[in-house]
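Next come two complexes built around chain A: one with chain B, the other with chain C.
Moving on to the complex of A and B:
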């Protein structure tokens, strides 16, 4: 097989001194699925963005079919047959599938009229050619994330792209949806397309790829044949040390019920039921994992627990105190809360680190106020921030830097630290490791397990099933606003939970 | 009966400038530009229409110059809001205040009058009599004999609908407003779509202004747009930019305009009747807000 693309000695430095790519050379062959793995910040996305013309390289060259090329924007890359599907899917929700696909290269009739029939026919042709299963008349806002991803891929195929770059496409899919994507990708490869697949999930990389390139800290470590390597070896190359894929959960029997939800119902103003008859207990020293495809009521459940939305009926209590109608501040005395959206609900990105570190504490803890609450005790606030940073290993430029100056991992450490230092009996975690790299995830998991051993009651919502299995004592599945399963982790499997997430009931035998 | 026909005709001519400006705003609305400069564009259009008609001796020149003046304002908007990425709201406010200042200044400098310039030398846009139809009792007096710009406005309503929902241009225009990043990544510049929408808005607002000073009345008065640009904005927002909905809302506003004139005939204070269209705007906004609130909760 010939090298279709050769990237030679690529160097990329982000000012002032972050070396994103350090002399990386890699080649991609025609008709292969080539995975690029590495932790966050390893440079895999940057490398692909350079190939796609989104970012210029500082030095190095790119050869496409033996000829030197350099794309200044994605349009030029697409014209040369290279297309990229980003992690964040950017579509027009108000448009139908076919309108999204043809946008930019629409067939027209006289007077600039859209040739609707021809457009639909062209899109259908592509769908048939690659056996995608999708309704071209569906509105994008009504279809699943997996289907949206297909629309992105089809958009590129419609433009006759032969090289597809996919940036962590499986991170938004459920376990059941992944095999279908892999089948489609394999079919594309068999049709002669070249696929470059960015991921940090080693099992799927091994399953899908022909060859794998491992990157670490801006350097290429190696390119290996998928058939001649294994997960341990890849992980070692990726992280630079041995990684254990075992749960560090110790056996421990849970104590009294700390958090209790009884017959909770939530109906939206349009009459649609968002939460239906939720009954849920979390005991001291127990981690309960709440699995479910996003949009099945997780958002509403979190909002109801935190007092942002009012339930239609039902009861919520912590430590036998009814908090169903309690104001938010009152709830915060008993609930530590790590929201999924760091930048919006979890912190203020423009405020400085001290301000973010003391949020909530400054209302609940008298040590933070002077003159009976008229002034904030800033010396104490700074001291508190230092303690937090020390305790939770936060790396920060200075206490007074804006929160956005921190990396995602450090932001999450500050939020997690702030919440855990509230020392509340109940901890609500909503996607606690979303967007973090392997090292930070490991750290957050350790903290969560530490809280468990301290006897806290923990409810964790996560889209990452592996995380749920790694940490939870019990797994609940939320499906269309209902809890459809409550199973101890030892008695279930990824497949069972995956099926429950998608269908709301166990698969028929 | 005569009062009724008068009310209907008052409604139609009251609706026309709002409709034309609103249709221009519909394009910027779909392109994702928060454009509030219709008021200023219309006012400049009205002034230049009188200028053209009076000095060049033809209402056609009046319309031409109105479009030119309004487009000049649109180009300034484009330079700032699209080119230099200034805040659209602030830019719009500045342009509206500038339009008021420059037309008042030019009125005093060129025509040497304060307040109102009225002169038999201003050639109005003619009314169009449609043969046969004009003979139909009652209906004939409504369907025929309207100002040329009224018929143009009807044509433009349909044209806007066609352009926005049936053509490639429309698909890209709406894409620019719904999700500019997607349009850009598909190889079409969303900034250019915003430029086009503003140019179209400039042309339509020029027509609206020309109708104000050469059709609705035959004179130029300081600040004669009198908030119609703002009402057109309200009309757009109320129906989420649909051209046919905009036409309906414009008629409603036109009706309250006509009603105001009618009430004046019954000795209602002029200040009160002048208030009616704005009162109608507030009431309409109330219902819109209630509906939007329900939507948001859902």
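Moving on to the complex of A and C:
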């Protein structure tokens, strides 16, 4: 097989001095599924964005079928036959499937009128050609994430793209939806398409790919045949050391109930029920994992616990104090909260590290007060930041650097440190390791387990089932705003929870 | 960060002056002589400099008001209304009170602030009670304040001997005294800058205001009382704009004349935007804008260039500085990235 694409000596520096790609050379063959694996921040996405024309390389060259090319925007890449499906799906929710697919290259009749029949016929043709099972008249907002992903792929196929880049497509899918995607990708390859597949999940990469390129910290480590490697070897190349895929959870019997939700209901302003009869207990020294496909009420549950949204009915209490209607500051005396979105809920990216580290403490800890609470004790705030950075191994250029200058892992350490140092009896974790690299994930997991051994009550929401199984004592499943299962981790399996997440009930035998 | 801001300001001002020079050349004026006249009447010499500072007071105070509000995530665009309401209340106080100057002057300044606070308070309460956006409410209240003050100086408080709408002069005990060439109004300005900086950077509430301005959801989840902070910022920035109005009366014509607010408040909002809501930057840009406005009047005396060139310069300045801010940062970062890439390659 010939090399279809060659990327040579690619260097990319993100201002001011983050070297995202350090002299990376890699080639892709026609008609192969080629996976690019690496931790978050290894440079996989950046490499693909350069190929796709989303971001320019600072040096290096790209050859497509032996000719030097350089795309200044995705439009040029698509015209040359290269398309990319992003992690976040970018479709218009109110449009139907076929409308989304033809958008931008619609067949038109005279006076620019949309030729609806021809458009639908063309879309149907593509769907038949690749045997995608999808209703072209469904509105995108009504279909599942997996189906939306198909629409994204179809959008590219409709534009006659022969090289498909998929950026972590499985991260939004449930275990049951993944094989179907893989079947479709394999069919595309057999049709002569080239698939570039970004992931950090090693099993699926091994299952799907023909060849695998491993990246670490901006460098290419190796390209290997999938048939001649294994998970341990890939993990070692990816992380740079041996990795244990083992739970470090010790046995420990939980104590009294710390966090308690009773008959909680939430109806949104549009009349839809978002949370229905939620009953939930978290005990001291216990980690409860809340699994569920995103959008099944996790966001609303978090907002209700934190006081951003008012429940329609029901009761929430911590340490037997009713906080259902308490102001947020009162809740914060008892709840440590690590949100899933660092930049939106967990920090102010433009403020400096000190300003981010002292939030909430500045109201709850008297040492932050001067002049009987009128002034903020900045010398103490700086000292506090140093203590936090030391305790949670934060690597920072200086305390006064803006928060966004920190890497994702270090940002998360500051947020986690800030929240754990509140020393609250209840800890709410919403996707605590989202977007972190393997090293940081291990660190965060260790901290969470440490809090468990200190007798904290921990509720962890995660989209990552592996994480849920690794840490939780009990697993709850949230499905369409309802808790449909509450099972000790020893008595269940990935498959059972996956089915519950998808269907809301156990599969009939 | 700071050095970048200074660089942005200096480069922006230089580019704006060059563009202004080109415009003058095209129209057949001598730019060097024009600039010489402009700055001779605004910066070079004690008297011109004192005049520039005095004229800067309403610009800087309303600019501080806008900068504080914007940086705290509060869209207070009511400076014009708050300014004239402050001026009116101070004028009324000055007409009816008779106290020794050391009480009269602070008293009138306080009244001016109360005027601004009351007017801003209307908008704050409307938001609190009915969730009405302060953005539109403060804008509309400007018009009401404008016509209300015109009515007040045309009917109840009109100077009977005057031919156009204006109040009589206030009690001379409320006039701000001169120290040499300098009007004491500038102490209020400098004091306000210092106090506001202290509030913003040392107060606990100031910390919450800053964070709320950058990410209000984070502040809210962190336990900050968003409603209380909103109210505080609204009233404080109202007080600043009101004080600006009172000081204009007490330092200048000593009465409320129709059109007294002029464009001070809108210029102040503009200055806040140019300063990217920085408090010290607002002060510096305020003085510089005042220098251009003040110098333009003198320049008109000794050159043929019409004083409107000051407005042209101002507009160019705003556009150049705001436009170059992001561009300059991006360029500097790109240059740094290139350098890194080259080092890597070798």
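In this section, the second predicted complex is superposed on the first by the 498 of 509 C-alpha atoms of A that agree within 3 Å, B and C clash if a C-alpha of one lies under 4 Å from a C-alpha of the other, contacts with A are read in each partner's own complex, and residues count from 1 in each chain.
Please note the rule applied: a residue touches a chain if its C-beta (ideal position, glycine included) is under 8 Å from a C-beta of that chain, and two chains touch if they have at least 3 such contacts.
Please read these numbers as outputs of a predicted model, since none were measured by experiment.
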Let me test your reading of the model: by the given contact rule, A:295 touches which partner, first (chain B), second (chain C), both or neither? neither
In the superposed arrangement, does A:240 touch chain B (first), chain C (second), both or neither? neither
Using the touch criterion from the header, give the chain among chain B and chain C with more contacted residues in chain A. C
Quick check for you: in the superposed arrangement, does A:92 touch first (chain B), second (chain C), both or neither? first
Report for A:506: first if it touches chain B alone, second if chain C alone, otherwise both or neither. neither
In the overlaid three-chain picture, which partner chain does A:348 touch, first (chain B) or second (chain C), both, or neither? second
Could you look at A:363 and tell me whether it touches chain B, chain C, both or neither (first, second, both, neither)? second
First (chain B), second (chain C), both or neither touched by A:75: first
Show me the chain A residues, by the header's touch rule, that chain B contacts in one structure and chain C contacts in the other. none
Sites on chain A touched by chain C in the complex: 9, 11-17, 19, 22-23, 58-59, 306, 308, 327-329, 332, 337, 339, 343-351, 355, 359-360, 362-364, 368-369, 373-376, 378, 402
Quick check: in the complex, which residue numbers of chain B touch chain A? 166-172, 174-175, 178-179, 181-183, 185-188, 294, 297-298
Give every residue of chain A touching chain B within the complex, in rising order. 74-75, 78, 90-95, 99-100, 103-106, 108, 111-114, 155, 268-270, 272
Which stretch or stretches of chain C touch chain A in the complex? 1, 202-204, 206-207, 210-211, 214-215, 217-225, 333-334, 336-338, 340-342, 344-345
